[in-house]
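In what comes next, chain A is part of two complexes: it sits with chain B in the first one and with chain C in the second one.
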Partner chain A sequence: MSELILEGQNLVKDYPLKKEVFWEKPKTLRALSGVSLKLAQGQTVGIVGESGSGKSTLGEILGDLQRPSKGTVLYQGQNLRTMKQAEYRRFRRNVQFIFQNPKESMNPYFTIEKILMEPMKRLDDDFSPAQAQQKIQTILPQVGLEPDCLSRRPAELSGGQCQRIAIARALLLNPQVIVCDECVSALDVSIQAQILNLLKSLQRRYGTSYLFISHDMSVVHYMSDTIFVLVKGQVIEQGVGAELMHHPKQAYTSSLISSSLFAEDALCAVQ
Partner chain B sequence: MKKHSSLLPGLLLVALILAMCLISFFWLPMDPNKMDTANRFALPTFSHWLGTDQFGRDVLSRVMIASRSALLVGLGSVSVGTAAGLLLGSLAAMAGPRLQALIMRIIDGFMAFPGILLAMMLVAVLGKGLINSVIAIGIFMIPSFSRLVYSMILENKTRLYVKAARSYGCRSGQIVISHIFPDMLPRLITQFSSAVGGAILTESSLSFLGLGIQPPSASWGLMLSEARQFVLSYPFLAVAPGAVLLVAALGFNLVGDGLNDRLVKRGSR
Partner chain C sequence: MIPSLLDVRHCSVMDARGQALIHDVSLSVRESECIGIIGESGSGKTMTARALLGLLSEDLKLQAEAMILGGQDLLTLSPKARRQVISSTIGFVPQNTVAYLHPLIRIRNQITDGYLAQGLGTPKEALVKAEQLLASVGIQDPQRVLNNYPGELSGGMRQRVNIAMALMCDPQLILADEPTTALDPIVQKQVTELFFQLHQTRHVALLMISHNLNLLRKYCDRIVVMYAGQIVEAGPTAEVYDYPQHPYTQALISVIPQLDQDPNLPLAEIPGFVPEKDRDRTSCLFADRCRLCTPECRQPLTIQEETAHFVRCRNAEGV
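Then we have the complex of A and B:
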């Protein structure tokens, strides 16, 4: 098996709930209860579940945007909390995010060029504007965009174009892992297919791993090697994509499959 | 309703005060401290355009020279308030819950004091004078600015682009400076302008009470205070300093309102 990059061990996340009277014991909402997950190089792990199942929380914990209440996240076998500063910086570089709503994931006051430039400015050790410019120029055609969009602002671009920018922003750092948190849910069906196929072709080219989070079973199946089904913070079923799709063991999983509106054929047709 | 109705008149009034201040550096009708006891309480004449005061000093010259200290205190104290407010507000908004509670409760405490009382207390501690007025009024400006900054950062902190910025390695300070600050700027400018009007009024109140600028230096509040003693016999004495004070306070407030209409309301998408 190829190299293990990201691993979550027994991840638990409790959110504090607001107390109704102040002498009450603090109440918590368990968003994630004991999830373990491994992500190897070049692999895609899909996480499927309805809203509120804790799938975004899981993604954000693995990318260290949130701290788990219990459990550890390992990056290349090292605990995120105990690793050195330089190592952590490497982790930050190598784990990137693509969010659900591409427009809101970009500062509306920035031009696209500045949006693309910023991650490199923060995380590249030998950052030079000229080199970064060049990188941007080479990445744009790969995500299917024209260079003239650089001077515009996110509000002037369409949702699909913005998601391509978000993908370019993640790719510019050559990450090992991209966490795709509902990254096509806000897009039109035809554009969804384009973006998914773009992500797949980029994976073939760069060997990137994806943590692919979605509520849509067929999208997850299309993208993923292994699938985790999450209900109320617990993994109720996991397995290899096709197997799980065709022979689900849990009734919940089959209901997810049948409720999925997005036909797999549509994806294949576009491809 | 007419669009941006208050910006232009406000700018005109502010320009009037600014022009008066600038001209005072190059030309004054007379020496503002030169007494002329033979010519006290004079009504406007060709030599004294706004008359003379109880010592026979030229009122116009004094009003003009006083605009320097008014603008210095106004702009200076609000700058102090803005800078400290930015610092405290962002610290509170980005800190953990304990530090946040500590900072904001202290600021709430300050806000509970009536402004002029707080400024008077500070003057009592620091001592009278121009620079101390700047500091006192500056401190009295801090709470409102920190609350504004605090609330704007909290509002922006939950935005997705801030989360995205964290995901590519921005630290809290960098997020505030490069991501949230541009969004705050219009409202800060608006607040700044309105606060300058308030600060000029507060400075005049302090001087009126004898806690600000000390005689024989000229200040609008001080001139009003002196005119008060003679208001029944020579009511004209209070007109000039009162009018410029009105123009200055009104001007900065109108500019604030106009900018608010133009920058903030339009900007809220």
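Then we have the complex of A and C:
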């Protein structure tokens, strides 16, 4: 068993709802109820579910963009809330995000170079501009981009190119974990294949772990070692990729599989 | 031979600088036929739909040899008559369910608006019809939904309202522009099935735009593949899907991850990007990304037309 990097224990998240009458007790919406999850080095955990099932909330809690209402997140065995500041800085550096909409996750006034430089400036202890420049130059061809895009701004690039920038930004810090929150859903199928292949080859090279969140069953199956199916904040089924795909135990999972890409016929045709 | 309901010949749309956004698109839909248009973003699918509906913005210029809808050539009609023909023949279902419904008007007023504007009946009749249609698109409590504002409905419900609204004027053709892209997979399947159920029970023709080939393949009679504003391949579904002739179609089919994909093998991919600027319309636009590209592909391309299975590729002939 490879090293355990990230672990969520009994995560619960409640969002407060607006009160309809002012003397009402505050109501809450339970977005996540008691989810536990382990992510080891070089592994990919896939999370599927409809919108509103708590997929993104789970990803954001594990990356500490949101605090859970109950439950703890452990990074290499240490609680995020009790760890030392230096340790927490290391966690921040080693857990990176790729979001669904790459353009919205970048500052439109920054050039691509500045966007890529910023995380290193903030989080690298031994930051030097020259070294960072060099790192950027080496990472660009790996994600399939030309160096001349560095002087441009996000609006001048296509969605696929921006998503590559987002991936490059996440990779520049050599993180142990990347949370991919619907990172290919907004892309065309031909670009989607390029990005998925890129993520896979980087995993082989650097041993990165992915938390792969998507509503597309076939994409999650292709990427993941284990798959969690979330419904209304609860894990209704979890299992090894191929096994879960071919022998789903829950009716919900099989309906999700069959509606994903309308591929059941394609599957029958192949068999 | 079933008569053509819609027949577009050599339609192009130019922007202010004279660049063609869609180029030489010919399309025909016969009565109660189901046609699928597939393509990536930027391929001109939506632009084609907007051109058909007369919804192009004013700085764009439409050129076409003919645009015949229900026996009348739209190009020869006055704008007012054109609108009349289009709105009584085509029902439109948009991709974005939020932008298409007015947030501050109750569903009952929005859904009956087109019906009343065309003078098809009294407001009372319109409401009765709206209620029936809402029930037929699978809304359980049509009375309540009629009194709702769009913001009070979920995405799937709003799309059902849009579909019912498209059916209000008894169109002969429904034009659906990526109607399920914004929806969850399970709702997506329900809405798609609803479309084809309507197609079968009401015998309306369906022109469905999508980027999901598996979806189109399951329901459509013919598939049109678009790339960079041109039709690259068009033909009966079984032929296009099982024996794709254009390298782009072949690549498009191979890049879709299937459920039985071996996770250890890399996915097939199409290298490069869709050309965006300065498209040279005379030669093949896919040449830069094509695995079969030969030096002749850079030469101007002449293609035969009026074939059942149209392919815009030099190498596909006789394959």
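The rule is simple: the second predicted complex is superposed on the first by the 261 of 271 C-alpha atoms of A that agree within 3 Å, B and C clash if a C-alpha of one lies under 4 Å from a C-alpha of the other, contacts with A are read in each partner's own complex, and residues count from 1 in each chain.
Going forward, a contact is a pair of C-beta atoms (placed from the backbone, for glycine too) under 8 Å apart; a residue touches a chain by one contact, two chains touch by 3 or more.
On a predicted model such as this, the values are computed, not experimentally measured, just so you know.
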Touching partner for A:Gly159 - first (chain B), second (chain C), both, neither: second
Between chain B and chain C, more extensive residue contact with chain A: C
Chain B versus chain C as contact partner of A:Leu150, first or second or both or neither: neither
Partner chain(s) touched by A:Gly241 [first = chain B, second = chain C, both, neither]: second
Touching partner for A:Lys200 - first (chain B), second (chain C), both, neither: second
Partner chain(s) touched by A:Pro119 [first = chain B, second = chain C, both, neither]: first
Partner chain in contact with A:Cys180 - chain B first, chain C second, else both or neither: neither
Chain B and chain C footprints on chain A, overlapping residues: none
Footprint of chain A on chain C - complex, ascending: 40-41, 184-189, 192, 211-212, 214-215, 218, 251-252, 255-261, 263, 266-271, 273, 276
Residue ranges of chain A touching chain B (in the complex, touch as defined): 63, 65, 89, 92-93, 96-97, 99, 101, 104-109, 118-119, 122-123, 169, 173
Chain B to chain A touching residues, read off their complex: 159-161, 163-170, 174, 178-179, 182-183
Touching residues (chain side chain A, partner chain C) in the complex: 50-51, 158-161, 188-194, 196-197, 200-201, 215-219, 221-224, 241-242, 245, 255-267, 270-271
